[in-house]
Each structure stands twice: as structure tokens, then as C-alpha cells.
Amino acid sequence: MLCARVWRALSPLGRGAHLSAWRQTLNYSSAARLDLSGIYPPIGTPFTDKEDVDYQKLEENLQKYAQIPFKGLVVQGSNGEYPYLTEEERVEVVRTVRRSLPAGKLLMAGSGCESTRATVQLTEKMAAAGADAVLVVTPCFYKGKMDSRALIQHFTKVADCSPVPVVLYSVPANTGLELPLDATVELAQHPNIFGLKDSGGDITRIGLIVHKTKTQDFQVLAGSAGFLMAAYCVGAVGGVCALANILGRELCELERLCVSGHWEEARVLQQRLIEPNATVTRKLGVPALKQAMEWFGFHGGACRSPLQPLTEAETQQLRRDFSSNGWL
Amino acid sequence: MLCARVWRALSPLGRGAHLSAWRQTLNYSSAARLDLSGIYPPIGTPFTDKEDVDYQKLEENLQKYAQIPFKGLVVQGSNGEYPYLTEEERVEVVRTVRRSLPAGKLLMAGSGCESTRATVQLTEKMAAAGADAVLVVTPCFYKGKMDSRALIQHFTKVADCSPVPVVLYSVPANTGLELPLDATVELAQHPNIFGLKDSGGDITRIGLIVHKTKTQDFQVLAGSAGFLMAAYCVGAVGGVCALANILGRELCELERLCVSGHWEEARVLQQRLIEPNATVTRKLGVPALKQAMEWFGFHGGACRSPLQPLTEAETQQLRRDFSSNGWL
Amino acid sequence: MLCARVWRALSPLGRGAHLSAWRQTLNYSSAARLDLSGIYPPIGTPFTDKEDVDYQKLEENLQKYAQIPFKGLVVQGSNGEYPYLTEEERVEVVRTVRRSLPAGKLLMAGSGCESTRATVQLTEKMAAAGADAVLVVTPCFYKGKMDSRALIQHFTKVADCSPVPVVLYSVPANTGLELPLDATVELAQHPNIFGLKDSGGDITRIGLIVHKTKTQDFQVLAGSAGFLMAAYCVGAVGGVCALANILGRELCELERLCVSGHWEEARVLQQRLIEPNATVTRKLGVPALKQAMEWFGFHGGACRSPLQPLTEAETQQLRRDFSSNGWL
Amino acid sequence: MLCARVWRALSPLGRGAHLSAWRQTLNYSSAARLDLSGIYPPIGTPFTDKEDVDYQKLEENLQKYAQIPFKGLVVQGSNGEYPYLTEEERVEVVRTVRRSLPAGKLLMAGSGCESTRATVQLTEKMAAAGADAVLVVTPCFYKGKMDSRALIQHFTKVADCSPVPVVLYSVPANTGLELPLDATVELAQHPNIFGLKDSGGDITRIGLIVHKTKTQDFQVLAGSAGFLMAAYCVGAVGGVCALANILGRELCELERLCVSGHWEEARVLQQRLIEPNATVTRKLGVPALKQAMEWFGFHGGACRSPLQPLTEAETQQLRRDFSSNGWL
């Protein structure tokens, strides 16, 4: 892929020709597209007691995840505490995952930063470190100015320059900002933008995005396990679910039930997953995710400050939300 | 049913015995329960140019709705402009609908007011006017104080005193308040509370409510057509959908597809309904609903002030949202 | 004043002439304007244990308020639980207050309803019952449609038809809606709209409203004691403050200090009032206001359901917020 | 100051003793405190057309600011586009300002990052680059977990380790998070935390913070020009105001009027500043600030992407908001 400066010098026609040619060279180009369908854990980043990245524990987790029929891994989604990592750490974690990842699994790396130029640069580094695709979150600090015009320009530049496919990432609980529908639909036409991870969970919106992008081969991934079945129902192709760090096999089973049309069994399983999911995301967040990982045989480890360990009462609530649904 | 004062004097045991006995006397008691499953239009209230209720046009609409396989009608949901009607008008509209409604169709009447005592009184009047069930919205003016404790007490008193089954109604876009999950689950145990109309559309929450009330025979209705299919998918039994005032047959067809497990066809139909639904609810509201009713052969009529007629630009947007999905 | 129908038949020019003439006939027309400046308690409505209006206790409160240098009383602001009163009760409470009110004190009555026609009718009844002015809250149920266009039309019709001066009322904590700045500025030009009670507390907005209406002789009243001094500072002329039900003399003293430019002393007093005010409004609401009234020698009485009595923990917090500031 | 690790090894008593001793060594220790009172522009960062930092233009701006009676400068508040700068750029800009700043002016540098460890490190670099104090914004990505416990721990660690005084920074429009009152009051007791920049503008809250910290010599700065006078009125000591980049002399004049008790004149000036301020902050943001800087003789320059240049319509609105108040 050309760097941004050369790219900008091309005419729109030139850009199209270049992208078509370039798209043939992608890893997944034989399939003419990147198939995103399936379940991904957005893996947590284990830290030592001194809050350094614990690469040893990370690798042990990866070996366990390798036994689960995930489509791939997301490295540095919100649950990976990426805003707390330095750029060097962000890249090094991706490199570590690349080394451990079995062939045929997809590595999607979060490369979003606040500025367009930093996002472009980190995207290039992530690709060089072995990412098969990048997950690019909406910039959000100047949320009053992050309208469709700004976001379209941002994601277009990033996708223009990215050596690997781009997946959009909307996570309003953290960013205070939802990628607008019209911007999503326009960006879906970009040849290097392949999908959206939608963590907002508005199922009407998800259905409408699927509907309005159906000619673009644009793929929507549910951003949380709480609405995974409903998202499949309205046309999503998979999920990036924090809970997959803990109950990965169960989420892959839920995928199988949805994809094969066993909706009744799917519903029973889905319902038992809502509370455990809520507790490790919206209610108690990353510290709860990491605590529950420990209970289920994975390394969670500490969080980086200012995230705090759970209080005793929170730990009990966490346990209750798993046990009352038969998981503990 | 006993009035509230006598009721309060009963022991919990006495209450249970009384309710069991009383429940046998309900219209629907032969089925041991009120089956809410199906599609309901929350009918609009036509007004004359002078903003009086136009009973003539209302009856003409009712005759047309009688041809559509609705489960019943909701009178004075949010789309009926009930906050703009006097108490007398609210009751008279119910009486009018009762006279026109074919046998076997269910009449659900909105009877919610801000105070508990006013709600109890209007509920009794609605039952006397022929309502088969009442739909009771969350009081909302003192929203900071409408916590689970207050809402449980409110709905319990109303249900204790109501001669007909009660359906809870949560519509945060209008009330600024969502009926909390814990309150919903507790209220589901009341023998005279049969279900919930949920217009918020949080599909994770809907799935969880179905899950946590599964032993109570509590029925959830989707409060909007935009997430009807997803709601069926996670366990809802029907929908009260503004769009059913316009595309009633299509929504009944969507119901049939979901209930019979034709999910692929359901998805195609659902997707074409999202934009028309959004435009007559969230985006342009009741004035758009009434305008579109005119286009589809029903009487919409004017809105009562302060609701304003659509601007020319809004009318064009409304038309576009129907025509771009093949409905006009 | 002409009724709405005749009014609408007049040309704009005719309306202006009529209003000028009519304004000469107002009670306060000798002063060429209604002077709103000063402090008003938005009086609570005492109820008996059976939740009926307790007119006896109301009158006893009124006798005590007559000893305090208030500018007048607001009857049926949010603290009066007006959404829980029937129309007859609303009018009867105003009539009761009129009988007790010393000469020279202003009676401002809340007459806002959801529909324009109901507001017009209740406004007329309030005037007939003795209100010197009416306080008209923004309609709010269809909040998505209550834009400037709708609100300007609503308040204009009400003001056109009202026999007494109109004060606008914006209270977003209850309505979920703030009267937009542009609508406020336009409505300020109406000859029968004299001011705004702003309970939102955005001091920048209050300053800007004062600035943009300075040629209209439009008067802004702070809607809460927490920002009363700051509101005076930026140009407000008084306050309608729940806390005046309890610490009325102190708020009149704060008024005196602000108006006379004793800002240093004002600040000391203001600061001691913030927590007691917050606790009887935003934090614990009307039940706390009524409980504290009892402690300070007034009749609070019960609230109407669904408002609940304070819990023991809430009562302690309430006491602490008064005692830690030296009031108990 | 000791580094964090040594610090943590000290007993609370040892910490106190150390801080007392250390505080004597501060630049401002002769006054026994850091006096923050006065007006500060949170300076914009000029970029070249290629979006590189334009140090030349920055210095020219600094020379102009040196002529205005500011108390000092804030480098890398929200208006400095700090989230778009690399760490190296952030430090280099501070170093550049330090070189140009006249003696006696205070340099307050934004050093907030998402993680505690990154904030500690950047704080140390800012101090080494010449900052007299640091302004530390609330971390916000995991906003659901940023409760008082987490924020107290974060700011305490930063303040423990900072070689220079710390000023807290709450800017909910960008972060979606307000520093809670109880956390603010507790943090005010830390010997190395000297004040708060509050950009939320809730004047009741500002008054209460002043009240509850009055024994701590804790200083509150208004974070925007729109409520500067009201903030002085309730006890703030100054302001960090985007508008000071443009109308710096006028804001210093407003300060003089407030401090000297000329409230009537202050009000007239304050009112004329509200709209120009709103337009360069809440309404149109940093691109408008930079555009207006150009009109008033300063270098604004481009913004970094994804911030977009103003549209033609926005530029006209910007001009109108200045000209209608007599500034253009």
C-alpha cells in the first residue's frame, strides 16, 4: 500500500485502480474478501503485580485459547486496556500473539488513536507486527466535533493507508460516541473497510446497517455477548465478546446454534450468558473480567491503575452472576 | 376485585387466596391466563381541524383494522396522544373502540396517570368502558424519585385494585425513565400483572427479562416494529407497534414468519420495516404517523397542539423513508 | 382578554393593538409592568394520611409564610406535587391561597398541562381563582417533538388567551427538556409574557437570556436556591426556591445582601444553603422537603403516592445536610 | 520529590514530613502556597499545512500574549489539541513556552494520560521541561469504573510523585466524566494538590467546592469564560478560558472588575462575552477558536485531523457571534 502522502496525490480514479490491484495481494484475496464470521475474544492483557505486561502469562492464555474454535483473536479491544499501554507495548503484545497463533486464525489488532496521523502510523506498525486486520475505534476526545464529516475523513485516510483490512469500531460506553449510521454506510463502500464491531448493542441499528450495506459485502460483528444471538438473527456474522475470554467454548456453541438455525436451543444458552456478560462488562468492567478469568483457569492478573481491584462486595456479586446461571 | 383499602387489610396469605379465586372470574380465566401473543396497533386518535376527537373517522379506521389479523388493539399508548386527552375523552375513546371491536380481539387500554390514586380510578373506568386489560405507563414527573421501591408500590396498588389484567409499560423516550429490571422481575410475580410492553428496545434487557420471569408466565411485547424480529428471537410473544397503524398486514406477516421459524424471510421483511418505523416514531413522531396513515388509506387527521404538522422537508423525508424501502 | 378563537381571527396588527389596550387593564398596569423581583416559596401541598389535600394545614402554613418578606407565593410549582392533583384540586388550592394571602403579595399559579387547549383552560380557571400570574411549564411527553417551533406556538397561544401575565417555566430535571434559548428570546417579546423561572441552573445560559432580552423588560427568576446568588450576579431579579418553604427568612436575607451589593456576606450565606437545598431538591426531593418542613415548624405532611416516605437512612442524610451547615 | 516507589515505602507520617519539607523548596514556597489567582489562556497549538507543530508561529503568539496581564499560560489544556500530540511534542511545546515566558508568569502544563504510570512519567517530564505546575485531567476511557475510589488513588499517586504542584482538571464535555465532589474535597487535602480547573460550569457545584475546601487553601479556576463572573461571585480565584486566546485583555479586565467589586460593569462585559465564548468552545470548538485567533491578530493555523476546518456556514456563524456582540 502506498503511504498517505503519495495516496493523496492520486486522483480518485487512480486510487480505485490502485486499491483493486492492491486488494489482490491481501492474504485473504483468494477468497476475494476477508471472511470475518465467527467468535473472537478481545483478549485481556495480564499484568504483573508491578503492573508490567506479563508476556509469560499471556502466552499461557494463548495456548488455552488455541484449543477453542475461535475464528481468531482481537488484540487491544477495550478489554485489553490498550489506552493504558505505551505504543511499544501495544505493538509488542501483537507480536507476541502472532508468534503463538495457530495457522488459519485471524489476528485483529486495535490500532485506533485520537489523531489520524497516529492511527495511520500505528496501523502500519500493527500490520508489520503481524496483524491480519486492524480494529479502529472512533476518536472521541473532541466528541462535539466528531460528526460524520470528520469520522468519514478519519477512517477513509486510515483505510487508504492501511496495508491490511480495516474494521470499524463503535463502543459508545467508553467513547461517549456512536459511529453514525450514515457514516457507517458510506465507509462500507471503501474497498479496504470490511466490517464493523458494534458494541453499542442497539439491535435496530444493527439490523439497519446490515440492510443498508448488503450490496457492499460489509460484515457486522456484535461487540458483546449479551446481544449475540439477536445480532445473528438480524444479520450479523459473528461476535467480539469479552465473555469469550472466560466462556469461549460456550460462545462458539452459541454461534453454531445460531448459524445452524437451532434458535430454541440458542435462546436457552443465550439467556444464561446475559448476566455473566453484563457483570464483566457494563457493571463491573475489566477488573471483573480478569477476576473471573482466574476462576475459569486463565490468567487474569492485575489491572493497570487507575483501574482498581474489585471490592469484596463486587467479587461476591460477580460470583453470584456466574453461579446463579449455573456457570460456577 | 377488592378495593385497595380492604386489600391492604388482608394477610399475604389471604391476598393469595383471594387473587386465585378472583383470577378464575376473569374473562380469560378459562385459559388460566391472558394470552397476549400477537400484534397490536397502538391506534392513533384522529382529530378534527378544531382539534376535537373525530369519532366518525376513528370508527372508519376501526372497520379497516378489523380486516387485519391483529391480536387486538391498544388504545392510548403514546401514539394515541393520551396526555392531550381529558379523562372523559380517554374513556369515551375506549368505549367507542369496544363497540366496534370484533369478538375475540383484545382491547388493551392505557390507564396510566402520574399519581397512584388517579391511575387506580382511571383503570376502573377503563375496565367499565370495556377494556380487557390495561396498559400502565411508569409515572415519570419526579423521575429522580421513581426508583424500584416507588414503582413496585405503584404498580402493585394498581394491580391489586384493577378489575382487569395489568400490562406494564416502559417507554423511556417519552418518560425519561426505564422500568428497572429488578422491579419488573418482582412485579411479574403479581397474579394480576401479565406482561410488559417494552419500548426501550434494549434487546439484552428484553432477553434477560424473559429469562428471569420464565417461571411466572410473564409475557413481553416489543414496543416498536424496529426490533420486533429480534424480540421474538429472544423470547417476546408479540408487539405493540406504531407502524401497525400503517403496515398492519405486513407486521402480522412478520409475526407469522417469526413464530413459524422462517427466520431468513423474516429478516428480509424486518429490514425493510426499520426505516419506515423509525421515521414515524423516533425521528418524526406522531405527526408523521398520522400523515403516513393518510397515504395508506386510513384517517390520520391533525394532531392536538402543541404537536405541530410536519414541515414540507419533513414530509419529504417521511415519503423517502417509505419509498426507498418499497412501500410507496 | 379575548378567547383564542377570536384572537386567531385578528390580524397581527389587530393583535398588537388589542394587547396594548388590554395590558393597560392589568392589575399591575399602573406600574406599566409586573415586577416579579423577590423571593417566592413554591409551596408544598400538605396531605392527610389518606392522601387528601389538607386545607387546614395549608392555611396554617400560609399564616406563617405571611410573616416572611416574600414577594409572593408560587402555587403548584414542581414541589407542590401538581401532577398528582386533579384539576379541581389544583384550582381549589389556588383559591385557598388567595383567601389567605396578604394584600400586596403576588400569587403565581402553575397552570401548565401537556396540551395547549388544557393549558389555556386551566390558565383561565387559575386567573378566575385569583392568580395574579401563571407559571407555565414546558409540555414534555413528546419531548422529541417539543422543539422551538412547537414551544413558541404553545406559549404564544397560552399567553394570547391568558387574562393574567405569563411566566415561562423550564425545569429539565423533571421534564427532560430545556426551553431553548432562541424560543425564550422570541417569547420574551410577547406582551403578556413577563419572565422565566429557570430551574436548570446553567448560569451561562441565564446570563445570556438576561443579555438577549434586556430590551424586553423580561425578568428571570432562579428556580433553585443553590444558584440564587450567582443568578443575581448575572442579572436575575429573584428566585422561586423550594428551600424557601423551610429557610424563607434566610433566603430573603440572601436576596437583600445581593440586591444591596454585600457580596462577601452573601457568599458566606449562599454557601451554607447549597447542601440543604440540594438535599430537598435533586438528592431526596419532595419527601425530604416535607420532612424538613416539619422540623422547622411548618406542616409538610405525607406525599401522594407513588412518592414514598424517606427511608431511615435518607432521613439521617437529610438531617446531616442541614446540621453540618449549622441549620439544625 | 521522591519517586513513587520510595514514596510508597514511607509511612503516612513519613510522607507528611517529607511533603512539608519538600513544599518549602517549591518555587512559590516563600508565599507558603502557589497563588493561582488570575486569567490564563489555554493556548492553542498552531500547526503547519502538513499538520506539524509550527513552533515559529507559536513563539509569535507568545510574544503577543506577553503584553497581556495574564497570570500565566496553560499549555495543553483541551484547546491545545494535546490528545493529538505525541509525548515528545507535548514536552517540546512546554519547553518552547518556558523559553519565551516572561519572569513571574506561571506555566501550567497538562500532563494527564489515561494510565497512572504514564501520567506520573509525563508529569516528571513536564516539570523537567520547565512547568511550574501541572494540570491533570481525569482519566476517562473506562468511565464506568472511574469512581471516587479510582480517581482519588490516581490523583494521589500523581501528586505524591510530582515535583511541582498539581491542579485537578474536570472537563465533562470532553471526558464524559465529572470529578465527583467527594473526591475533589478529599484530594484538596493533599499537600501537593493546589486547585481545580472546573470546565463543567455547574455554578452550584463550584460554590459548594469552595465552601467545603475553605480550610484547605484550595483554589478553583473557572474553566470557561461563559461563567467566569459567576464563578468569581461564588469564590473562584481565576479562570482558564479558551476565549483568552482571542480576547485576553478583555478577560483580564473582567477579572479586575470582579476582584475590585465593580459588579455592574462586570456584568455588562460578561454578557458580551458569552456568545463569542460559546461559539469557540461548545458550539464550534477548536477549529473556531483557531479561526477567530486569525481574525484577532494571532496565529491559529490548521487543526490536526480528524478535526476539520470550519464549513462556510460555520465561519459565518462564528463571525456573527463575535460581531453581534461588538467584537468584530
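The letters A, B, C and D name the chains in turn, as written, and every chain counts its residues from 1.
The definition used in the following text is that a residue touches a chain if its C-beta (ideal position, glycine included) is under 8 Å from a C-beta of that chain, and two chains touch if they have at least 3 such contacts.
Bear in mind the structure is a predicted one, so any value in this text is a computation, not a measurement.
A.B. asks: Shared interface numbers for chain A and chain B above half of all numbers used, same, or below, different?
C.D. replies: Over half of the interface numbering overlaps between copies: same.
A.B. asks: For chain C, which other chain has the most distant CA centre?
C.D. replies: A
A.B. asks: So what's the Cα centroid distance for chain C and chain D, whole Å?
C.D. replies: 37
A.B. asks: Cα centroid separation between chain B and chain D, in whole Å?
C.D. replies: Once rounded, the distance between the two centres reads 51 Å.
A.B. asks: Would you pick out the residues of chain A that each touch at least 2 other chains?
C.D. replies: none
A.B. asks: Taking all chains into account, which pairs touch?
C.D. replies: Chain-chain contacts present: A-B, A-D, B-C, C-D.
A.B. asks: In their complex, what parts of chain B are in touch with chain C?
C.D. replies: Against chain C, chain B makes touches at 51, 78, 83-86, 114-118, 139, 141-146, 149-151, 153-154, 157, 173-176, 282, 285-287, 304-308.
A.B. asks: Show which residues of chain B lie in contact with chain A when the two form their complex.
C.D. replies: The contact residues of chain B facing chain A are 201-204, 207-208, 210-211, 224, 226-227, 229-230, 233-235, 261, 263, 267, 270-272, 274-275, 278.
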